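As written, the chain order gives the labels A, B, C and D, with residue 1 at the start of each chain.
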Amino acid sequence: MSGNTIGTLFTVTNFGESHGPAIGCVIDGCPPGMALTEADIQGDLDRRRPGTSRHVTQRNEPDAVEILSGVYEGKTTGTPIALLIRNTDQRSKDYSAIAQSFRPGHADYTYWHKYGIRDPRGGGRSSARMTAPTVAAGAVAKKWLREQFGAEFRACMTQLGELPMPFESWEHVPHNPFFAPCADVAAFEDYMDRLRKAGDSCGARIRVQATGVPVGLGEPLYDKLDADIAYAMMGLNAVKGVEIGAGFASVAQRGTVHGDSMSPEGFRSNNAGGILGGISTGQDIEVSIAIKPTSSIISPRESIDVHGQSQEVITKGRHDPCVGIRAAPIAEALLALVVMDHALRHRAQCADVRVPVGPIPASA
Amino acid sequence: MSGNTIGTLFTVTNFGESHGPAIGCVIDGCPPGMALTEADIQGDLDRRRPGTSRHVTQRNEPDAVEILSGVYEGKTTGTPIALLIRNTDQRSKDYSAIAQSFRPGHADYTYWHKYGIRDPRGGGRSSARMTAPTVAAGAVAKKWLREQFGAEFRACMTQLGELPMPFESWEHVPHNPFFAPCADVAAFEDYMDRLRKAGDSCGARIRVQATGVPVGLGEPLYDKLDADIAYAMMGLNAVKGVEIGAGFASVAQRGTVHGDSMSPEGFRSNNAGGILGGISTGQDIEVSIAIKPTSSIISPRESIDVHGQSQEVITKGRHDPCVGIRAAPIAEALLALVVMDHALRHRAQCADVRVPVGPIPASA
Amino acid sequence: MSGNTIGTLFTVTNFGESHGPAIGCVIDGCPPGMALTEADIQGDLDRRRPGTSRHVTQRNEPDAVEILSGVYEGKTTGTPIALLIRNTDQRSKDYSAIAQSFRPGHADYTYWHKYGIRDPRGGGRSSARMTAPTVAAGAVAKKWLREQFGAEFRACMTQLGELPMPFESWEHVPHNPFFAPCADVAAFEDYMDRLRKAGDSCGARIRVQATGVPVGLGEPLYDKLDADIAYAMMGLNAVKGVEIGAGFASVAQRGTVHGDSMSPEGFRSNNAGGILGGISTGQDIEVSIAIKPTSSIISPRESIDVHGQSQEVITKGRHDPCVGIRAAPIAEALLALVVMDHALRHRAQCADVRVPVGPIPASA
Amino acid sequence: MSGNTIGTLFTVTNFGESHGPAIGCVIDGCPPGMALTEADIQGDLDRRRPGTSRHVTQRNEPDAVEILSGVYEGKTTGTPIALLIRNTDQRSKDYSAIAQSFRPGHADYTYWHKYGIRDPRGGGRSSARMTAPTVAAGAVAKKWLREQFGAEFRACMTQLGELPMPFESWEHVPHNPFFAPCADVAAFEDYMDRLRKAGDSCGARIRVQATGVPVGLGEPLYDKLDADIAYAMMGLNAVKGVEIGAGFASVAQRGTVHGDSMSPEGFRSNNAGGILGGISTGQDIEVSIAIKPTSSIISPRESIDVHGQSQEVITKGRHDPCVGIRAAPIAEALLALVVMDHALRHRAQCADVRVPVGPIPASA
């Protein structure tokens, strides 16, 4: 109940600190009989990995995952799957200065007040490094959902700081350092170079999409599919906003426009983002998240120390000038974890429901 | 696990349908010894109640709450508090037509596919009427938080359809039918009148604020305070977006601007919305939500029936042309429920933490 | 988390006090599409009802159950099923004396210390009356398990005070006031009459059995089927011991005897009580519970008051001289709730498992 | 929800298989600021460790625990504490024979039917080896409860097969291989030697006691302290019965005897076993458990293979002829985990309760 577990039937319990010996998670509730090896997981970890371009932190870790349990002769057994990632590049340095003051925009202040003790090494528990086990667990969920439903999860950046990114095609996403859905990223490269030189940071907007999710997932009243997606996304470091479907734009829409009409050929639009009444419609699930600018910047900031005294803070070390850049694979993983959990919850209660489900095409 | 319970330590289990005999909830985990009567709850129910102006549904129900348990001689005993609200204005009518087709933008389609059966009377379980027990439970949480910490919860509208509402003062909110924070609402009255005549509906943006919440509430890694707020808000009927603090505007902010600097006099700003690393800072908690236009509109819509055949749907009955209008007290209640739950969670683990907490003034 | 909910997927949240306006529960997670009316529930409530013989409390309540939600046109909809039972025979009397002292063997002392406040009317929340909603919820679970698997639940008394009851046949159980599995209960009638005259009370041993439970239910490591049965049974008022299968007798058994051998015709015995490694074998589930003598007795007892001063306590009022007598239908209900919950949990994770399951006859 | 987590606020998530690379657990919810090193945990692991006498399995593993997270500079930080124990003596051998048949009394049959796949190596997940992480987590709970309340946990054997063990003193327990509370264990040594030669096994009865537990822990209605103790104990491998206080003996007691009377000097007896109405009284908590004879015996047993064909099974390998011998430290750990969880649950809801609690001496 200390909040380090996500999910109710497909649960992921996350542990570790940025500079401790290891990080990892325990996945409980994975259906038995699915083929699974480290290779199924490593790919997504590599996509999240730091050090892959000059635009992200230069911390260099292989993030090699080890499966400790729950798999026998290459198949899941239905027992807990423990995943371990050893920390290998936690540089020794003097943390005494940082331990005594609070970096603006960071969790330093709140951890210290909540727990009365704080692991200051690399942000400790509040480090974005803790998303690695989430990504690893997400890879397991993705695999099951792909095999079960043909579901796929993908994410891309749609805005970098002030610069909107034109959506051209999902094809471009793996071919540039920004997870950008467009061919030409020169302007973004330039933007980031200038930002880095200025010792500053910027935010990003990420679009996340799931295709192939069957109709019927989500538990009203409170545990709606969109509610749990919002929970998962807002719980990701640096996220300050979450939208489903038309999101905030729906405020200015009229009811005659927003409500997606239906025809025998399927839904005519997808303002709902694939969720109605908290339950999936079978259309693509569309999510958008706002990621704030990195708080760890080299520019001096006004702050206080643990005694409440005024103190100027400069955050050195290896940091992402835009944490949003590496957020795409993490957001995919979170969406997959939520959908996976609801897939199991749905069949627990409704496995016997037999409704003739016709083709439900996505909107044009 | 069918999703009708919110909270982990202060839990609210919601039951009922729009046109069944009664709706209500069971609150479990309320601390003992707090004075509580129906009068403490009725006020917030009255603020949410339909039929109070021409701009909301004309369904007319007193929504009188009855405390069935958990209170002895006017004080909570620590045992479950069951709250009952009898439905009194569920008009008898023929639902056979609506039962066979799916209203666009509604949960009809998804409930039918999920459960294979659907209570069509007034939206059944998916009706906004189910927010009444949430409001009732929120009133209990608010009272405890007020007495314990001096915390207060309030909400107002900040946008109605295309029209932004200027924030002038919280004082105005109770004095107009829109929960508008401004003195002159003539333009909004006019806007709504025209919309209603056109048989259409619009969305709204609501701002929710909590003051007096102590530092330290929230459970990283996953059950962050902002994550649980996003869950609660996105789970509210018609909500399509949630922001904390600067929200989506933070995408275009620089790190030098966004990260709220600190001084011995307190935080210099509140882009964080009162939450850092998922834990409350002691500043005001600031939340903003997007509410889609009402799906129940009198204008004819293209849809299908349960056999997949084309069908035109017109939604008659008594409906809110902007469900956002009555959302303010509900959003307050949801925020209070989340804060209450985290207040109990915090002291479970950290009751012994003794950190010298100085004054933490809100940003100017 | 205040412990008034049993189950994880098929959850029952219980509320009420002995002398409050009403008691009841909310069942969440019931599969949709099952026919259900009050009549399906009332039968078990009537079996538990007080006032049916001179050997139980003379409190006389119809315990009429009302379904408030979750059922539409006679079928469950998959939404929460709220059940309400109005208290009708809570006699007005002066509780000031009892409120100031602690009855030996009762929860008075602990409730007062835990909560600092205590509803003394009829035992308040700790009254055995609170088992009525449990029985009502159990009836719903039983119905689903019967229709789904042909499972049946039954219980009988096997010992009354010092007197063992010979097991002759389940047939006898409904035909005597003791739920005794034997034809001649004259000795037990006589025993109870003498006990009542002496102002004393006695304990009982109850056997509970489930037949037709499929193989595979139960979640190791911790949430084993037998673990959850033990939890449910020990949580029943006055229970001090729980056995599965051979129970305490297994201590003196040899491994060559205890381990139930298997043949193509099935298991040769059932020392396991139908559970191996925490998972059901498909054999009958066999449980035995010890119920302590009623604490509410008319004989004077040494005790203290809330100020720690010596005080003699006599418990007047209408009490069961052997609470074990009415325990049979409650124990059945608890076993059904646990099996139901595990049936849903099992299919959440293992719905795809296809093992050729041959006939598994019970032991001779 | 696959049942590998125990606790609600102090949660322990257990992972691993007998012959996989490692076993371990993640503890979530431990209060921050408690001094903790591996040495605090290793002692209890050593007490549970195999290979310490000729009466237990000769598998020889150091069971060295590694703390992976949640501790900074020797103190708990309030974040998850991951504990890892590498498997070091999992002998390579051919498991193909055992994989095709079901050992009587074992979980083979049920795992195979539940999951459709089974790790047969050393019992896989159902091995008693999985109790090691439970013991490790219990050591953390014990330490906190000792420092917070002065609570202590201890267990001893009270019956070995047919032989009762006289209770002389807790002092004797650490000084013999049986956790026997008596000075002379020659008869038990002899008994075990004969049993081992006969290729057979026997059961045991274990008494578990907690002292120093404060009044008020336990959550009625369902999550009573005794209910959760019964759950934890019955979930331990091979346990078939659980008693609290007078247990099954209470059936034959009279109410005038059973109900522990109170005086200004304290309770006069402890038939309740320290729990009334599901809430701790402040007296010693007394639990007794029945452990069945080991199912892994060298004597040939009648069984079937996975195709339902008749097959004789002999269980070779290194096994405990009485698994009850090593159960004492495990039972202590389980009791500590339950009490710890309820200590946190109690203060979540009732931290503000201030009742003048006088001295509550244990019964004579």
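Everything that follows uses one rule, which is that a contact is a pair of C-beta atoms (placed from the backbone, for glycine too) under 8 Å apart; a residue touches a chain by one contact, two chains touch by 3 or more.
Computed from a predicted model, the values in this text were never measured in an experiment.
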item: Copies subunit A and subunit B touch via same or different residues, half shared test; value: same
item: C-D or B-C, whichever has more C-beta pairs in contact; value: C-D
item: Subunit A and subunit C, separation of their C-alpha mean positions in angstrom; value: 45
item: Separation of subunit C from subunit D, taking each centre as the mean of its C-alpha atoms, in whole Å; value: 26
item: Centroid distance [mean C-alpha coordinates] between subunit C and subunit B, Å; value: 38
item: Shared interface positions of subunit D, touching two or more other chains; value: 1-5, 8-9, 14, 29, 32-33, 78-79, 114-116, 125, 220, 345, 348-350, 353
item: Subunit B-facing residues of subunit C, complex; value: 1-5, 8-9, 11, 13-17, 20-24, 26, 28-29, 32-33, 66, 68-70, 72, 75-82, 84, 114-119, 121, 124-125
item: Subunit C-facing residues of subunit D, complex; value: 1-6, 8-9, 14, 102-107, 109-116, 125-126, 130, 159, 161-162, 195, 200-205, 215-224, 226-235, 237, 240-264, 268, 271-273, 275-282, 290-295, 297, 299, 301-304, 308-310, 324, 345-346, 348-350, 353-355, 357-358
item: Of all residues in subunit D, those that touch subunit B in their complex; value: 1, 9, 29-33, 78-79, 220, 344-345, 347-353
